[in-house]
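Chain lettering (A, B, C and D) follows the sequence in which the chains are written, and residue indices restart at 1 in each chain.
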């Protein structure tokens, strides 16, 4: 058996295939199921200080086979109830809370809250693809200075993964800004902002109009972003890990991200209606490693980089 | 799976608290859905007199079907359902579905128990059972006579219970269970009623299939908000078997509202 | 029959479905076939001052059904031979040359060249998704000031359509900059920069490594970009038209862009191996208009805009 | 259609200017391609002694096939083909295909005429014809004897012509055409040879199917660079019928190189 263990910002994970934020992670029950399925770690839905009910529906629409648009609107019960319900300390599989806020102060409060409850690592969502007026998600991810301030505010309390958007002119610059602000890792990518129209109804398909694109169509965009972040960090002299996200639906897809230099990966949309797929993807990655004769992830991580112009 | 525009072609089965809509989607629905499956029905444009805040998507059971069209029976429970009930023939809605897993059809002596707008999926089930030569017995309950949907349409024997005694037995529909010995109890309605139904079925060694209603933001197994214990009600359900609920820590106890906020059910 | 005529920067077109640049437009012969297929206008491949041989292969790879990555490398015979071979004046269907350059001066020379040869309208490619060192494609599209300078240089010679990239933080700002620099229209979007990896070979699939994503997966990204450009231009008081591009493979898809406010559309990838599809798409759009009872494009253009948050 | 990694498993049919490769792609190729179809074959890693500039994708005809593997016969014509010929069993290439439309198989008395590396697709065709009980007659030409590929492998009668007289008829292979009366002429090779073949076929009222080689940047009908007149050689072809070429303004006259640069063929 290939050794798939990986270290992520001090956490030791059994394998590099993590559950992505917002998919099948809204209750302790489903999180336990995802842990048993074989996840390397579990990222929770985005948690805000106050409860958010989510957007009006339709919240999701499949736009091509397996590829979805969603605008859930970050539904969550707020920090207090979240801490009440979820156990951030115990458990064989680490739980990584994902935090969302509109100001650095609020990121700080959330980080302090989850650190106080025993979290060892948090992900901060700098990149909600469809923020409403007053919600600063996307803008934070687009501005290196804003991303750095938010990162620093959270990183004062515990190690943080800064989650980046593909909808930026230069993702490498944002990754470097987060590294310099003290991030323990960056994860990329969040969904790609997008829109679909119903020609019969002559209006957007989703209740929120704009949504985020996820699933297979996102894979080549995610690979490019991860590779650009990996290179920018390397060129700037930062050893900070990058977590690859976007469109993974097989062990082969996971291997692509790791060949581009990702430390670990997160899987979301392809688990829709099929929670047990997460463990299968991890097993497929292990099978690929064995077939290729790789004993560890380090043995092939970043191999594709030498082929770049 | 995506929302498909659907024309409201017919309204029937009116009561003072709701009625049925027949919808003709632009595409799909040529194949028969399973009784117990549901749709996310969205209101793309507000009907006259309503504002855009009613435009939302909510889960509704399939209450009937013919090739290319489907029936929903809706009760006025809040802003979106009220606005859906204000739509008129010719108006356009959008439906995503059929979603989830429905009832098995393998009972020989089925007993159906519906509470309020739990009746619609049971009507569709009863029609399927009758079509395959099996006569169902149906118990329908509601707070008052106008909450009893589809009473005249059920094939086979129908018995009624109302909380206020305005029709049939004066009391809870679960009070009509005793002394019966079906091979399978199919039920849909308020969770406290389902809990009692399950208790009765377990006590009498009878299998049960229960159609649950949980808050569903997506309906397609992506978000996880509808989870009960470790099961996704929108995908593993909405129909769950007695064996899946027997040892539940959440059935009848923990429900979630918008945002996944937990509400502990009144005992 | 619905009246599908549309005016575009002074040109009168029989219908709003145009051939996009770079797909089935490299020779006068194939362009004549596309004209006969029923195109409203024909945009040529990108022409540079000097010949470009194109990148090493593989140049294309299908990454999902109908969705492709490509890095052709803008192969073209250079302006002089292009003007020799192509007739920019005659023809029942207008030919719109697409120009690519690395400096405003070169954009000016190209524009002067095609204007001198009788072109009434040109498209300038500000947005090649995979420029090599020294090629400034993507950077031009990402910087409003650079986009404006290039636009002004070309617009001095003839009306120009500025072609924009989705890989920018705010496409609305770029569209407004082009309008203010004298563009007659903007077109959006070019392909989305992306990458695919072969896990067996452990290297990028394409010869150039990075490529541009096109086809159905691009549709929701293109719709969002077009809608954002339309709104930004409207809010800034510019009546300049927007041409919708990206992922169109049916009349219904074309209607989506027009519902978002596009004046016309361009179709590329879905014609791959199937040139006659262009006319079918135009016919499908006409059929949709008839079914909906729309006598003209103006009758429904922009209808989806009122549903935006 | 996308490039699929393929292992070079076997090399055979060596001449001083080229040889055949057997490739086993990671997936696909379970179904028999049409003779005349081609692949884009890419060199992902340079073989020992070569630099990365040889890594490119070039079109090559399918020269043979067995379930799950295919054969290409390559001549050293420039940097990429030379590097492909330097690859050894165990090396990995990538193939996209099968692409385009091949030869019809409906001749009863076929005549095949190949020039240089035009022979490989004709070999695959001849094998298919022979398998269906039809005996082909094949004429093979080349500048010299080492340019004649697959001479020993063709089923049926084979006649040879070389420009230098090193084997068979001393002269052009087209000089072997006169006096024959097949029902169909299949041909592949340099365009001037194809032009002469078409002229002969038209003059004698014989149908012809000609496999063209044009500069192909994509191979899948996206770029249009391979166009001859209004036809995409990579998709409508590479095999075109006499009726498609009879009135051509470009066949034998206009060819395009990298970038679509026009080169007018020497008369």
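The rule is simple: a contact is a pair of C-beta atoms (placed from the backbone, for glycine too) under 8 Å apart; a residue touches a chain by one contact, two chains touch by 3 or more.
Predicted, not measured: the structure shown is a model, and the values here were computed from it.
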Ask   = In angstrom, rounded to a whole number, how far apart do the mean CA points of chain B and chain D lie?
value = 65
Remark   = chain C to chain D, mean C-alpha position gap in Å, rounds to 36
Centroid spacing, where centroids are CA-atom means, of chain A and chain D in whole angstrom = 49
Query = Hey, how far is the Cα centre of chain A from the one of chain C, in Å?
reply = 33
Inquiry  = Residues touching two or more other chains, restricted to chain C: which are they?
reply    = 63, 203
Request  = Find every residue in chain B that makes contact with two or more other chains and list them.
outcome  = none
Request  = Just say which it is for the chain contacts: an open line, a closed ring, a star, complete, or other.
outcome  = line
Query = What are the touching chain pairs in this one?
reply = A-B, A-C, C-D
Inquiry  = Applying the document's contact rule, which stretches of chain B touch chain A when the two form their complex?
reply    = 1-3, 5, 26, 40, 42, 44-45, 53, 55-58, 92, 94, 96, 217-225, 227-232, 235, 250, 256, 258-262
Residues of chain C defined as touching chain D within the complex = 22-27, 29-30, 32-33, 45, 51-54, 56-63, 68, 70, 72, 75-78, 81, 85, 198, 200-201, 203, 205, 207, 269, 272-275
Task = Quick one: which bits of chain C touch chain A in the complex? Just the residue numbers, please.
result = 63-65, 67, 69, 132-133, 142, 167-170, 192-197, 199, 202-204, 208-211, 213, 216-217, 219-221, 223-224, 227, 252, 255-256, 259-260, 288, 300, 303-304, 307-309
